[in-house]
Every structure is written in structure tokens, then in C-alpha cells.
Amino acid sequence: MSFALRKQGEIVVVDVEGQLIVGNRQELKQKVLDELERGEKKFLIDFSQTGYIDSSGLGVLVSLSKKIREQGGELRLANLNDDLKTLFELTKLDTLFQIADTRERALESF
Amino acid sequence: MSFALRKQGEIVVVDVEGQLIVGNRQELKQKVLDELERGEKKFLIDFSQTGYIDSSGLGVLVSLSKKIREQGGELRLANLNDDLKTLFELTKLDTLFQIADTRERALESF
Amino acid sequence: MTSPDRPRGLPLRSLHLALELEIPSDVRYIERVVEMVARQCEHLAYSTRQVSLNVPVALTEALSNAILRGNREHVSKRVQVRCDVNRDRLVLEVVDEGTGFDLAECLVDATSPENVVREDGRGLFLMAQLMDRVERFANHGNVVRLTMRRHD
Amino acid sequence: MTSPDRPRGLPLRSLHLALELEIPSDVRYIERVVEMVARQCEHLAYSTRQVSLNVPVALTEALSNAILRGNREHVSKRVQVRCDVNRDRLVLEVVDEGTGFDLAECLVDATSPENVVREDGRGLFLMAQLMDRVERFANHGNVVRLTMRRHD
């Protein structure tokens, strides 16, 4: 159980538990795409329980953000710890994503 | 603070915290001998907080037991965990010492 | 045993740890390898940042490239990992059975406007950012060597 | 990092850990050396008994003999420690700068009626009891080698 999805209002909240890496990123991608196909439009990925993310994990986030936007939806990220913030800064992905400090702020921002 | 001594009735109770090995056994020896010199006769060494004991630690116990007996005193050991029990069995030192399972039993046995 | 949070006795100055292992070309082995290497760095008092970010991410990149690119996931092909770490620096070597690649050519700036929106191509870039040095050479296989100096 | 109690991914079969260090002839270094070696055994899933009794006691004996007997506590003399451990066995080598000793002669039965009341003379006996093999030889110093097979 690396990825826990739950509905909060009209927002699909995804908790990433442990690593988001080459070994499990497809699982995250598929779960989110399934929801998108069901008509969900608003997605929040929460990293408070995440260890580290590798380039293929980052790649899945980029891919999901595109696909969600294509369907007229929105993706927000929340709760990046200092290490993960650094990772997003190094790759300039902090300029591509809408990142909130807390889950509450992310939920309000939709 | 590897060795905590405290008086319980007329018994000096010594807690060995961490290892009893070549690097600290002299400290234990000296502390007990000081009490013996002050006239104390009954000693209980409690190993509930002890990690491991090496041959020089065992040697100090043998030495103390002799010295205490020479002064007409008594030494009891208590709370050996399974590893320490094995160590005393391997060396047959379980035949040399009076060993109680619990502190209470050891205190009652004087 | 002494609990790790209460170290007793004098600290070791000349400690040198090495690790060697071999895995089949399956990405599910990556996490355990990373965990083991990160612990070795912990034993040598590398910074929390290095233990929880630099080492895990850079090593994961090297391993997944070895498994997916070098060995193309042929499970019979092996990936060797060597880790050599002391109080000064960590040296990691990841060896695959592939034909190798041109590091200078394959390493791109992942932050350029055209690359930042790409899904792939960040692996070597992250290794270069997170390590002090990235090398590639052939030696009984295709070797990627990562070197990082210890931070307190 | 993944917490150690929740290992993810596939277990490593061919893991091989090595450790090398050098300490001055001072018994206060012993605990840290023991802790480090015990952790390596933990990483390779040696039994709790081996990690908390066999390895700590046998290694402490070898180290204190090297420091006190071999190097006679001359702080300028060094003790080298090498540990090589995999899923099958642990090999420990402790090297001092002394002239060595005759293992067969020095190893006594500590449980005989005359010896059980002695204060000393249990070091080599415990090494022999707690390890599968004890060897002594000269190789750039006086080497004591301890070998132990892994138990689950």
C-alpha cells in the first residue's frame, strides 16, 4: 500500500507513503489516471509521508500534470519536506507545479 | 555513569548499566571495595541494564566475590538475561555465584 | 548492545566501510540496496541531507539506468554494486553488462525550458547535482562511479 | 528513508560487507569497534544471540588482548581490525604489533576446578566457545582471526 487515495469534497487526495521511484511510479500513475477517466478533475498529491523521489517519479508527476490539464483539471502538490523541496528546486520543477506548504492550504487553493 | 550504587536496607545494590568490560571494570571494582572498606557486608549486583560482559568483567566479579567473602560478607547476582546466563554457563561461573532471577528474590535471599 | 543514541567510548577516526553486492536486473531490488548504502553513510556520520537525499536519489538513478538501460531488464544479467566509504568520502560503483554510453553527450541540463517539461532525462543530471563527481568507464562491464565528500 | 522495520522491495542475497579500521592501543576504543561490527552483522540478519553475545564478547577479547598483551598499551602502537561478513559467515581479524603467542599453549579450559576460580585466563577460551574457529598467525603483525557461521 504505497499510495492511499481518498476523496475530500471534490478533490482526490493521494498520499505517497515511502518512496516514489522507478519500482512503483506506474502504480501511482495508473491510480490517478483511473480517477481522471472516472471524471475527477481536482488532484492533490501529499508528500508528508514520502521518503525520496527519483527522476522517474518526477517524470510521472510531470506526465500526470499534463494529462490532468488536458482534461481541464488541476494538480496541486503539498507537504514537501526540505529534501524534496531541494529536489524540486534543483530540477526547476518548483516552477512547473503548484506547491503548497500544507494540505489545508492546498485544499483551499483549488 | 556506568555503575549506580544504592543502599536498600543493609544491602548495597549495584546496577551495571551498559557493558562490563576491560574499559570500565576497575571502576566497578573500586566502588564495591570502597563500600566493603566502609564496613558494608551484603552486596547485590543487578544486571538488568547490562549489555555484555567480557572475561575481564567476569574476572572482576570473581575477585570481588573472594574479597567480600574474606570480610565475612556475601555477594549475590540478579537479572542475568539469556545471553549473560549463557556466558556464566559456558564458563561454569554459574556454579561459583549465587544467582537470582529477580532483584526481589536476590534481596530476600540474604 | 549499546543503544546507538548513547555511544560510549572513544570515536573511531580511521573507519573504512565497504560493501559489495550483485542483483538481478529487477528494479524491485533498488530500495534495499539504497537502504544498505545509506546506513553505511549513517555509520560514518554523513549529514542527514546526504543520507536521506543525495545518496538515495543518485544511487537509485545509477541503479535504474544500469537495470533498464545497460541490462535492458534481462533478469539473467546482473548489476554489481560497490560502495567504499570513510570519514572523508563515499565512492559508489554501479556496474552493468551493457555496452556503455557517452556521459558528456547523455548528460543534459534538465532545467532548460525545453527539458523541464520532459518526463525523462533527469537521471544523469540529478547524479551530477547530488554527487561531487560522476564518471563512466569500462572495466569488466560498464561502470558508473559516483563520488561524494562527507558533510557534517 | 524507509524505516528499518518496514523493509520494502526484494531482499538482497549476495550482500557482502567489509570494514577496516585502526585504533591506538587504548581499551576505550573497544566499545565503538564492537558496536560497528555488530551492526554489520545485524544488516546481514545474523541471530540476535550472535549480534548481542557471540560477536561482542569474542571481539572484545581479541581487541583487549591485542591492546594489553600484544601492544602492551603503547599508545603509539596500533591495532588493526578487519571484518568481512556475508550471509554465510563472519571473518574478523585483529592485528597487533606484538611478537605473537602460541595459541594451543595459551588456550586453557576455563571450566576446570582450578581455573574456574581464577580471575583471568578466560579470553581465548571464550573466543573458542563463541566462534566456530580461532586462528593465530603472523602477517605484517600478529593476527588473530575469528570465524563464525551465520545463524538465523
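First chain written, first letter: the chains are A, B, C and D, and each begins at residue 1.
The criterion applied here is as follows: a contact is a pair of C-beta atoms (placed from the backbone, for glycine too) under 8 Å apart; a residue touches a chain by one contact, two chains touch by 3 or more.
Worth saying up front: this structure is predicted, and the values here are computed from it rather than measured.
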Checklist entry - Counting C-beta pairs in contact, does A-D beat A-C or the other way around? => result A-C
Checklist outcome for this item: dist(centroid_CA(chain C), centroid_CA(chain D)) in Å evaluates to 30
Checklist outcome for this item: Rounded to the nearest Å, the gap between Cα centres of chain A and chain D is 49
Checklist entry - Using CA atom averages as chain centres, what separation in Å is found between chain A and chain B? => result 59
Item to check | Inter-centroid spacing, chain C versus chain A (mean Cα positions, whole Å) | outcome: 25
Checklist entry - Multi-chain contacts in chain B: which residues touch at least two other chains? => result 19, 23, 51-52
Checklist entry - What parts of chain D, by residue number, touch at least two of the other chains? => result 1-2, 8-9, 28, 30-31, 52, 56
Checklist entry - Which of line, ring, star, complete and other names the graph you get from chains that touch? => result other
Checklist outcome for this item: So the touching chain pairs work out to A-C, A-D, B-C, B-D, C-D
Checklist entry - Where on chain C does chain D make contact in their complex? => result 1-2, 4, 7-12, 14-23, 26, 28-33, 35-36, 38-40, 43, 51-52, 56
Checklist entry - Tell me, which parts of chain B touch chain C in their complex? => result 18-19, 23, 51-52
Checklist outcome for this item: Listed in rising order, the residues of chain D that touch chain A in the complex are 1-2, 6, 8-9
Checklist outcome for this item: The chain C residues in contact with chain A across the complex are 27-28, 30-31, 49, 52-53, 56-57, 60-61, 64, 68, 110-111, 116-123, 125-126, 129-130
Checklist entry - Across the complex, what residues on chain B touch chain D? => result 19, 21-23, 51-56, 58-60, 62-63, 66, 82-83, 86-87, 90-93, 95-96
